[in-house]
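Here the chain labels run A, B, C and D in written order, and each chain numbers its own residues starting at 1.
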Amino acid sequence: MRTIGVVTSGGDAPGMNAAIRAITRIAYSENLQVLGFERGWEGLIESKFRPLTPRSVGGIIQSGGTILHTLRCPQFKRKEMIRKAAETLDLNKVDGLIVIGGNGSFKGALELSRETDTLIVGVPATIDNDVFGTDETIGFDTAVNTAVNEIDKIRDTAISHERTFIVEVMGRKRGFLALTVGITVGAEIILVPEVKFEKEEIFKILKENSAKGKKSSIIVAAEGIGDTRKLAKEIEKNTAAEVRLSILGYAQRGGSPTARSRLLASLFADKAVKLLLKGRGNRIVGLQKGRITSIELEKSCKTEKPLDLKLLRLASVLAT
Amino acid sequence: MRTIGVVTSGGDAPGMNAAIRAITRIAYSENLQVLGFERGWEGLIESKFRPLTPRSVGGIIQSGGTILHTLRCPQFKRKEMIRKAAETLDLNKVDGLIVIGGNGSFKGALELSRETDTLIVGVPATIDNDVFGTDETIGFDTAVNTAVNEIDKIRDTAISHERTFIVEVMGRKRGFLALTVGITVGAEIILVPEVKFEKEEIFKILKENSAKGKKSSIIVAAEGIGDTRKLAKEIEKNTAAEVRLSILGYAQRGGSPTARSRLLASLFADKAVKLLLKGRGNRIVGLQKGRITSIELEKSCKTEKPLDLKLLRLASVLAT
Amino acid sequence: MRTIGVVTSGGDAPGMNAAIRAITRIAYSENLQVLGFERGWEGLIESKFRPLTPRSVGGIIQSGGTILHTLRCPQFKRKEMIRKAAETLDLNKVDGLIVIGGNGSFKGALELSRETDTLIVGVPATIDNDVFGTDETIGFDTAVNTAVNEIDKIRDTAISHERTFIVEVMGRKRGFLALTVGITVGAEIILVPEVKFEKEEIFKILKENSAKGKKSSIIVAAEGIGDTRKLAKEIEKNTAAEVRLSILGYAQRGGSPTARSRLLASLFADKAVKLLLKGRGNRIVGLQKGRITSIELEKSCKTEKPLDLKLLRLASVLAT
Amino acid sequence: MRTIGVVTSGGDAPGMNAAIRAITRIAYSENLQVLGFERGWEGLIESKFRPLTPRSVGGIIQSGGTILHTLRCPQFKRKEMIRKAAETLDLNKVDGLIVIGGNGSFKGALELSRETDTLIVGVPATIDNDVFGTDETIGFDTAVNTAVNEIDKIRDTAISHERTFIVEVMGRKRGFLALTVGITVGAEIILVPEVKFEKEEIFKILKENSAKGKKSSIIVAAEGIGDTRKLAKEIEKNTAAEVRLSILGYAQRGGSPTARSRLLASLFADKAVKLLLKGRGNRIVGLQKGRITSIELEKSCKTEKPLDLKLLRLASVLAT
C-alpha cells in the first residue's frame, strides 16, 4: 500500500471535507500518498485528480460541501466507463480507493470493484442516513440540526398565527431524516414513507389537538411520502385548521458540519485507512452499537436499512 | 392619557415581542396602563384583551412571534366591524392604541381612526420592509440574516455540484428582502418585481460567468416576480447550467430577532409612547436618515415606498 | 406506581427541559401523575412542587435551562436534610422519583435512596459527560457544538493575526468536553487533566508547526488542567508565538439543545419511566453501545468514567 | 488613477473580506488594478503584496478575518518606517491606497499621508465602533449579534440558577459594543467607561429587582470599565445575589459577517473607490444620517466619537 485515492460521489453532505482531511493526514502519517479525484466518478473516468497533502487539506474541517466536487454520474452504469475508471486506478498505481458517498456511490463502487484489483472502501456520507451497515452517516446530524433550527423558527409563526404547518424535509425515499427531525422538534405528526398513514387519522389527531387546546401543530413529512401540497389542501378542507406548507430546501445539504458529523468523519476516515493498510477492501465502514466497524460493500448495497419504528411510536406519545 | 392598548396584526415579524415589551415598560414608567389585545383586530372586535405589566412582558425580548398572537382579519374591511372595534376602545377607555404591523394593518388602523377618538400610532413591523415612512421595519434585518444564512449553506452545495440555484425569498409584491439578501450573499443575479428583466439577459449572464470560470451561480428571486419553477426550467433549457430551485419558507418570518430588530423595536416603542403622551395620533413611527421620526398614517398608507435601484446596480458590479 | 416526582439538580444542561417534557408526557400516557420539585433538592426538603401536565410542559423542548430551576445544595449532605426530603416523598405519596442531573446529584440521590422507599432513577444530564454508565449525557452534544462554533470564529482571528490561541473549555475535573471539542475544531494541541503534559512538548509542537508553515494554532484546554493564563505566558516566552487566551464561559451551559441532546432526553425519559413502572429503582439510565440501558446508581456513583485515550492519539495525528 | 492598493490593519473585524472583495470588483469595473498588501503596515514597509482580481476575491464575502492578514504594528510610529511605506507606494505606482481598519490604523494612515502623494482613503472596520465620522463600522453589527447570542444562552443558566451574571464584552476604552449589546439582551444594568457608576447604585438596583421578583440579572460591562472580577466579588458581598462572571472572548472578533456588516462593507468600498476616482484623498468614508458619506481623515483621528447617552437612559427604563 503506497498510494490511495479519494473520491466524493453523489449528493454532497456536510463533513465530506472533514473526511477528506482526516483520510489525507492519517494516510500521510502512515507514509501513504493521497490522490484526490475530482467531480465524482468523472475524475476516475477522465483521470482528473490532484495530490492531497496534510497542508492542502488544512482549514477545511469546518466547511460544508466537498473540495473535490461531486457529480451524479448516470453514465457510470455503463461497463466501459467503469473499465476506464479501473484503468485510471491501474495507470496511477492506486492501491486503495476510498469512496465517500451514499448508496448510489456504493453501488458504483461495487461495480468498479469487479473490474479492478484496487482495494475499495466506502465511507458513508449522506444526509439521508439510509446506508445499511451504519447507524449514522456523515452529514446526517448536521442536516437534522439544520432542519430543527428551521422548524423551531417556523413554530414561532405557527403559534402566533395559530396555524398548522406541514414541513417537508429531505431524505429521498426514506424517513430517517423526517423521523429524527420530527421527534426533536416535538412534531405533532410525523409522516414517513415506511409507514402507511390514513388521512382520516391525521384529521382526527388535529381535531383532538384542537379540542385539547393545542392551537398550532407541526407535521413533519419526508419528501418520500408524496405530494405534500395536495395533503395540505386536504387537511384544510377536512379540519378547521389553517394549513401552510414549507418545503425545507437544499440548505439541509450544506452548512458547517456539526461536531458529531466532523467526529464521525474523522473516525470513519481512520477506520477506512486502517482497513486498506490491512489489505482489506470491498467494505464500507460504519458505526454499529456505538463502535466503529465495517461490513461488506456488497451486503451494504443489497440490504435495506430498517427504520426504527419504536422511535416513531415514542414520538406519538411525546406529542400528546 | 391613562390607558393605552397594543395590538399586533397581519403577518408576524421577529421583534414584535421586543416592541410589546418596550411599549409596556416605557408606558409604565410614565404611569400608563397597558392593555394587550389578542389575535389582531379580532381582539378589538370581540373585546378580548389582557393587562400587560412590566413583569408579564419579561423574558420575551429574544422570542420570535408575538405573545398577543395575530391574524389576518379580512372582515375588518367591513364598517360594522370597525365600529365594534371603536366601541371596544371607547368602553375600555383606551386613550391611545399602538398598532404593530405592516401596510395592511396600517390601512385597517386608518379606517379605525375615522371611527374613534382614540389616538392611533403605528409601529412598522414586517419582514417585507415595504412601509413608506421608514427606511427599515422591525423584523427585516432578522429575515435578511435568516435568508443569508440559508443561502450561505446552499452555496456550499452549489459549488460542490457546480450548479445554478434559484433561491426564492419572501417579500410579497416587493423586492426589498430579495435585494438586501442578494447583495449580501453575493448573488450573481437578483430578480425583483420592481425591475423588468429579460430572460435572455439571465441566460447571457450565466453563460458569461461560466466562460469566466464561475461554475456555480446563485440567483436570488423575490416571490413577487412570478413562477420561479418555470424560470428554473427555462434557464436549464437555454444554458448548459444544471439548475435547482429552493424556496425559502416561513422560517424567514420566525426566529429570535437580531440585535438590530430588537433595537429598532425598542426605539420605535419609545417614540410611539412619546407621541401618544404628546397627544399626537394617526401617525406611524419610523427610521429616516438614521433618526427615529414619524409621519402621518394616511401618508404612509397612500404612498409606495421606492426601492433603491442604485443598490441593485452596485450588486451587479459586485457580482462580476 | 401512581405518582412520580421529577427534580433537576446541580448545574443545568441544555435538554433538561426536553427530559421534563418527555417524562411528563410518557408518565401521563401510563396514567401516572407527575410532580415537579423546584430548585433542586431544596424543593424536596421544603416540599415545594407543582403538578406537571402534558399541557404545562408544552413549548419547552427547545429551551435551554430548566423550568424547575436548580441549585447546588451543599446542605443536602446533612442527614437531617435528606430525611426531610424523604418525608416529603412519603407525605406526597411519591412512588418514584426521577433525578435529572450529574454526578453530584446522583450522589445525593444515592443518600436519599437509603432513607426512602420511593424508587429513584437518575437521568444523566450534564455538559461534562463525566457520568459512569452512559457514553453520553444530555447537554453534552449541545455544549460541544457551542464551543466548536465559538472556536471556529476564534480561528478566523487566529489566522488573520497569525496567532496562537489557548481556548479554555468547561468540563470540571475531566477532559471529555475538551477532547471532543478539540478533535472537531482540528485543534493543534488538546490538554486534558487525565493526561500529564510537558510544557516543553507544547513548545516543540508549536515550533514544528511554525516551521511547517502553520502560522496560527489552536490549543484547546480543559478547565481542569490548571492555570491557563500562566500557560499562555510561558508559551509566549518560550516560542516565537503571539499567544492569546480565551475562556469560553457559561454560554456552554445554555442555549437551545441540539437535536441529539433533545433525542437523548426523550429516550432517557422513556427508559426512566419504564424502569419505575417495572418497580426497578436505584438505577441510572444511559446510552451504552448505541442502546438505551441502565446500571445501578451506586455503581455509577463509585466508578470513574474513563476517557478515550485512543481518540486523543487520533487527534494528534489529525493535527499534523 | 490606474493602480490602487488595499491593506487591512489593526484588529480584524468581520466584513473586512467583504470590503476587500467589493473594492477589488468595483475597481476592476473602473479599469483599475488592485494590489493587496499583506499583514497590515508590514506589507507596505517590506513591499509584500499580491495582485487582487475579481476571481481571486471570489467566495470570501461570508468569511470572517481578512485574507490579507493583519498585524498591530507598533514600529509604524517611527518616521523611517513610514517613509519606507511611502517608498513602496511610490515604487509600485500606487495612485490610491484604501486602509481598512479602526482608529489606530487611521492614525498611521494620517502619518503616511504626510510622506506620500498617494491618495489615502480609510474604510472604518472595527468591532469597537469608535471611529468618529461614521455611525457604524464594518464588523460592529456582527460582534453585537455574537455577544447577544452568547448572552441569550447565559440567561438560560442565569434564570435556572437564579443568579446574577456580569458579562464583560469587548470595546477597548469605549462602551459602544456594551451599550448596544446591553439594550438588546435586556440587561438589567449596563456599565460603560463613558459614564461613572457608583457601586452602591448597582447594589441598590439588584436589591430592588430581587424585591420585584426578578431572581436573575444580567449586567453587561464594557471591558474598559476596569476589573470586573473584583466587581463580581463586591456585588456578591453587598447583596444576596450569587454572582458569576463571563468574559466574552475573541469570538466577538470573528465569525461570518452579518448581512448588515457585509452590506456596509460593500457600500463603504463603493464610496472609497469613487473618492479615489475623483482624486479625493485623506478622507474616511462613513455612514451618517443613514447615508454613505465621508469626512477628513485628520478630523476623524482627532475627534472623539460621542456615546449616545439617551440610549443608555432608555435601556434603564426598559430594564424595569
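Rule of thumb we're sticking to: a residue touches a chain if its C-beta (ideal position, glycine included) is under 8 Å from a C-beta of that chain, and two chains touch if they have at least 3 such contacts.
In this text, all values refer to a predicted model and were calculated from it rather than measured experimentally.
Listed by label, the chains touching chain C and chain D alike form an empty list. Taking the CA centroid of chain D as reference, the farthest chain centroid is that of A. Mean C-alpha position of chain A lies 40 Å from that of chain D. Between chain B and chain D the centroid-to-centroid distance comes to 28 Å (mean Cα coordinates, whole Å). Centres computed as Cα averages put chain A at a distance of 35 Å from chain B. Under the contact definition stated at the top, the residues of chain C that touch 2 or more other chains are 152, 155, 159.
All chain pairs that touch, listed by label, are A-B, A-C, B-D, C-D.
Touching chain D in their complex are the following residues of chain B: 21-22, 25-26, 28-29, 54-55, 58-59, 61-62, 135, 141, 144-145, 148, 152, 155, 159, 180-181, 183-186, 212-214, 256, 258-260, 262-263, 266-267, 270, 287-291, 314, 317-320. On the chain C side of its complex with chain D, the touching residues are 8, 12, 14, 16, 39, 63-66, 69-71, 146, 150-162, 165, 167, 244-251, 253-255.
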